[in-house]
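Quick heads-up: structures coming right below.
Both of the next two complexes hold chain A, though its partner changes from chain B to chain C.
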Partner chain A sequence: MRDLLLAYQSLIAFVGINGLLALSVYATLSCGQLSLANAGFMAVGAYAAALLTVKAQAPFIVVLAASALAPAIIAVPLGLPVLRLRGVFLAIATIGFGEVVRLFFVNWDYTNGALGLVAIPQRTALWTIFLALALALFVLARIRGSRFGYALEAIREDETAARTMGIDTTGHKLAMFVLGAALAGLAGGLEAHFTFMVAPGGYGFGRVVEMLVQAVVGGTAAFFGPVLGAAFLTALPEVLREVGARLGFAPGPFRLFLNGAILLLVVLFLPNGLVSLAGLRRRKK
Partner chain B sequence: MGQQALNGVFVGSIYALFAVGYTLVFGVLDILNLAHAAVFMLAAFSALALVADAHLPLWMALPLAVLAAGLIGLLLERLAFRPLRGRADSNISGLISSLAMATVFEAIALQLFGPDVSRFPLGTFPDRLIRVGTASASLLQLCIIGISVLLMALLTFLLARTRLGRRLRAVAESPRAARILGVNVDRTIAAAFFLSSALGGAAGVLFGLAFNSISPDVGRSVELKGLAVIILGGMGSIPGAVVAGFALGLIEVFTVARFGSSLRDAVSFAVLFVVLLARPRGLFGQAAVREA
Partner chain C sequence: MTLALDGVERAFGGVRAVDGASFTLVKGEVHGLIGPNGAGKTTLLNLISGLLQPTGGKIELDGRRIDRMAPHRIAALGIARTYQNIRLFSGISAADNVVVGQHLRRRAPLWRRLLVLPSARAEENAARERARAGLARVGLEARAGERAVNLSYGEQRRVEIARALASEPRVLLLDEPTAGMNRSEAAAVAQLVREVAREGRAVLLIEHNVRLVMELCDRITVLNFGKVIARGTPAEVGKDPAVIAAYLGEGA
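And now, the complex of A and B:
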């Protein structure tokens, strides 16, 4: 058991980090909003954390708090105007935001531009990641079934009707947007102190697509679905690495291809994701 | 000054061509096709492969690559959009499935062409400078402006004057009413995807020729600009996309000349954001009554 843990330490860590990221996308999806700003929020969290550690030698707990807080603070002024927009417009505005954050860090000399910050001390342990994940799951589980949670579901099903019922739709959407930003930032801070480095290239559009894939494949009908999806899709390329190599695929494109193909299949044939498989079996019996 | 304006029109013509295809699909289907930039990239690579590996002359490679892009568009519609039609959440699931296709396309390009920048072989296009008033432009730039304007004029003619154009406008107005009147809605939507992707592909080939650097992520920067253009022009409006494309090209070139090139991509975001806040329906768009 101990050997297994050591051999697959980084894989296990990424399952946790990706789980947090998938949950951050789920936060906005749970009220029917597709926000693609989370790679940008993750970058803000990661850079805030890395700068605090490297330049100010702050204690790790402060660093992690800052990595969640910094993007959350940015999310408020961004979210207020943007969340009045619906559907496609929200997706477009948040794609734009993510791209601008990336470009900002590419052009910021203080953090070495495109090269990023390196030699960040490794502070993240497996237990920190999974404690954070457990906390996030706890919060989301409590929301589900609460008054707040029902309001979110109402907004997802029909926003206009929800507003007519007296639900403060913008307030609810903003709360989930900020929660998503904080989760993404926290994941960024944890990852920065696990991989020793932050660079703008790691927070591009591909990253947010990856989060979305994991959330949707896992299934957004249940709060633990995204974590399931993250675990499945993080481990799958490792398991299939041999197969990909035998088919003549390079590992990078192979992973990308798998992500895209699986996402398409799930959207088409299993709209509620992997979590709905359990339900399907039960119904057939 | 004249030189900057010419450069702006040149860049703007590519943005406009790209965005016209983007907005065409949105106008017909009310769905944003996030794989449009991936088709743009694949078309640029196909043209490159035709010129560099198959040794075809450019005047043959360009239409072939555009045709290939159109066929990719048909495939895209068949795989990612048609199966979702009629589903309640088709708006968001369409966005997600088009992202999935974009990811697959990018993976294919990465596998076939590698992550590095590829270039057209030297002498693909004669290198000649032409003076226009006080400014000078390369023959290539003028040809690109000419081809873009020609293609956009063709599309406008097609939409306004042909049977297919009438069907497209009918489906855009109301798919259900169009079906009752005997329009084959599925085939019309497929045609919209073919046209849209062919135009996006043409923009990709021209972009690849103009900057002579093609990589699997070349669609990324154009995607943001295309989004800014269709928002500024008004979602679904073709004249809007044309006007906004040239406008964005000009704004961008003048901003870079005044404040430096690091702001190049910030311009499109600023435009995007201001329009979304101040006038979400853009210059020529119609106000949405209710989307739910």
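And now, the complex of A and C:
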């Protein structure tokens, strides 16, 4: 067991970090909002954490708190205007935010521009990641079925009807937008202290698409679906790396190809994601 | 409790969908809002519930202006509604729809649930119990667990009424509640509307079934081209030449 953990430490860590990121996308999806700002929030969290560690030698718990808090604070003034947009317009506006953040860090000399910050001490342990993931899952699980959770479902199903039921739709959407930002930032802080570095290139549009694909493949009908998707899409390419190499693919492109193929298969045959597999089995019994 | 509309106007570009409508709705009455298609009835309901803002005039609930308020604030003052084209939360069960309807009545802070306190569970069970009772009231207890999308048209309308009543509103706005229902279903809804008014709620009812309106309503306001062309008791309105002209054409 110990050997396995050591051999696959990095893979296991990324299953957890990607799980947090997929949950951050799920947070807004759960009230029907497709927000793609989360790579930007992740960058804010990662840089805040890295700066606190490198420049201020802050204790790790403070660093992690800041990595969640910094993007959450930014999410409030960002969310208030953009959450008025619906559907694809919200997606476009939030992609815009992500790009602004990335370009900001590319051009910020204090953090070495495009090169980013390196030699961040490794503070993130596997248990830290999975404790954070467990906490996030717990919060999302408890939201389901609560008065707040019912309101989110109502907003997802019919926003107009929800408003005339007395639900403050903007407030609820904003709360989930802020929660998503905090989760993405926390994942960024954890990742920075696991991979020793932060650089703007890691938080581009491709990163948020990855989060979204993992959430969708896992399934957004259940709160744990995105974590399943993240685990599946993070682990599978590693498991199949050998096969890809034998077929003569480079690992990077092969991973992208696999992700694309899996997304296509899931959308075609499991529109509710991997979680619907459990449902199928139950129905057959 | 009085809901008063005073010279309410709503223009869409050059079209005056509602053009200076005034009437009052008082506690315990069933008030019919009738008129030919396109008369502005649904627009008026959208104005009262805050989905649209009037371009003129004012709407007051107990002397308080509500015509610039957000829909959820208006709902919080005790105005609930149903929709002509049914807007249930179709992916969740009938009972869950009614639980959502209780949003304004529930005191269930999220932290209590995050701490897994027994009081949170008790409150949720109570909410589910009330939802069941609400569905029983519209005769749908047996369908509580069914997803709303799988219900028949008439059943969906009744769930919508149960959902609106779940907020214990002072004013209930019903937009064609019996459309698509058979006679016995419609009679059951009429009976329910009577009960609701007897509880001291005001009901504003848009309805095309003339016999139902005549039987059910205490007072009727007739709209045509956004203007109030007649008002009064069903008997008065039924004899009004302007109403007859609007429905049957001039010279009828």
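Heads up, the rule we're going with is that the second predicted complex is superposed on the first by the 285 of 285 C-alpha atoms of A that agree within 3 Å, B and C clash if a C-alpha of one lies under 4 Å from a C-alpha of the other, contacts with A are read in each partner's own complex, and residues count from 1 in each chain.
FYI, a residue touches a chain if its C-beta (ideal position, glycine included) is under 8 Å from a C-beta of that chain, and two chains touch if they have at least 3 such contacts.
Predicted model only: the values in this text are computed from it and were never measured.
> If chain A is used to align the two complexes, do chain B and chain C fit next to each other or clash?
Aligned on chain A, chain C fits beside chain B.
> Does chain B (first) or chain C (second) touch A:Val100, or do both, or does neither?
first
> Is A:Phe130 in contact with chain B, with chain C, with both, or with neither (first, second, both, neither)?
A:Phe130 contacts neither chain B nor chain C.
> Kindly classify A:Gly145 by the partners it touches after superposition: chain B alone (first), chain C alone (second), both, or neither?
second
> Touch test for A:Pro253: chain B only (first), chain C only (second), both, or neither?
Only chain B; A:Pro253 stays clear of chain C.
> I'd like to know which partner A:Thr160 touches here: chain B for first, chain C for second, both or neither.
both
> Tell me which of chain B and chain C touches more residues of chain A.
Between chain B and chain C, the winner on chain A residue contacts is B.
> Would you sort A:Thr169 into first (chain B), second (chain C), both or neither based on which partner it touches?
Only chain C is touched by A:Thr169; chain B is not.
> Mind checking the angle chain B, chain A, chain C on Cα centres after superposing, to the nearest 10 degrees?
Reported to the nearest 10, the angle reads 80 degrees.
> For the superposed arrangement, tell me the lowest C-alpha distance between chain B and chain C in Å.
In this superposition, no C-alpha atom of chain B lies closer than 10 Å to one of chain C.
> Which chain A residues come up in both lists, the one for chain B and the one for chain C?
Comparing the two interfaces on chain A, one with chain B and one with chain C, the shared residues are 158, 160-161.
> What does chain A use to touch chain C in their complex?
The touching residues are 139, 142-143, 145-148, 150-151, 153-154, 156-158, 160-169.
> Flag every residue of chain B that touches chain A in the complex, lowest number first.
26, 31-32, 79-80, 83-84, 87, 89, 91-93, 95-97, 99-108, 110-111, 115, 217, 220, 223-224, 227-228, 231, 235, 262, 265-266, 268-269, 272-273, 276-277, 280, 290-292
> Under the touch definition given earlier, write down the residues of chain C that touch chain A in their complex.
Chain C residues touching chain A: 49-51, 70-72, 74-76, 80-81, 83, 87-92, 96, 99-101, 103-104, 106, 108, 110, 113-114, 116, 120, 124, 127, 163, 167.
> What residues on chain A touch chain B, complex-wise?
32, 34, 81-82, 85-89, 91-93, 95-97, 99-100, 103, 107, 158-161, 204-206, 209, 212-213, 216, 249-250, 252-254, 256-257, 259-261, 263-264, 267-268, 271
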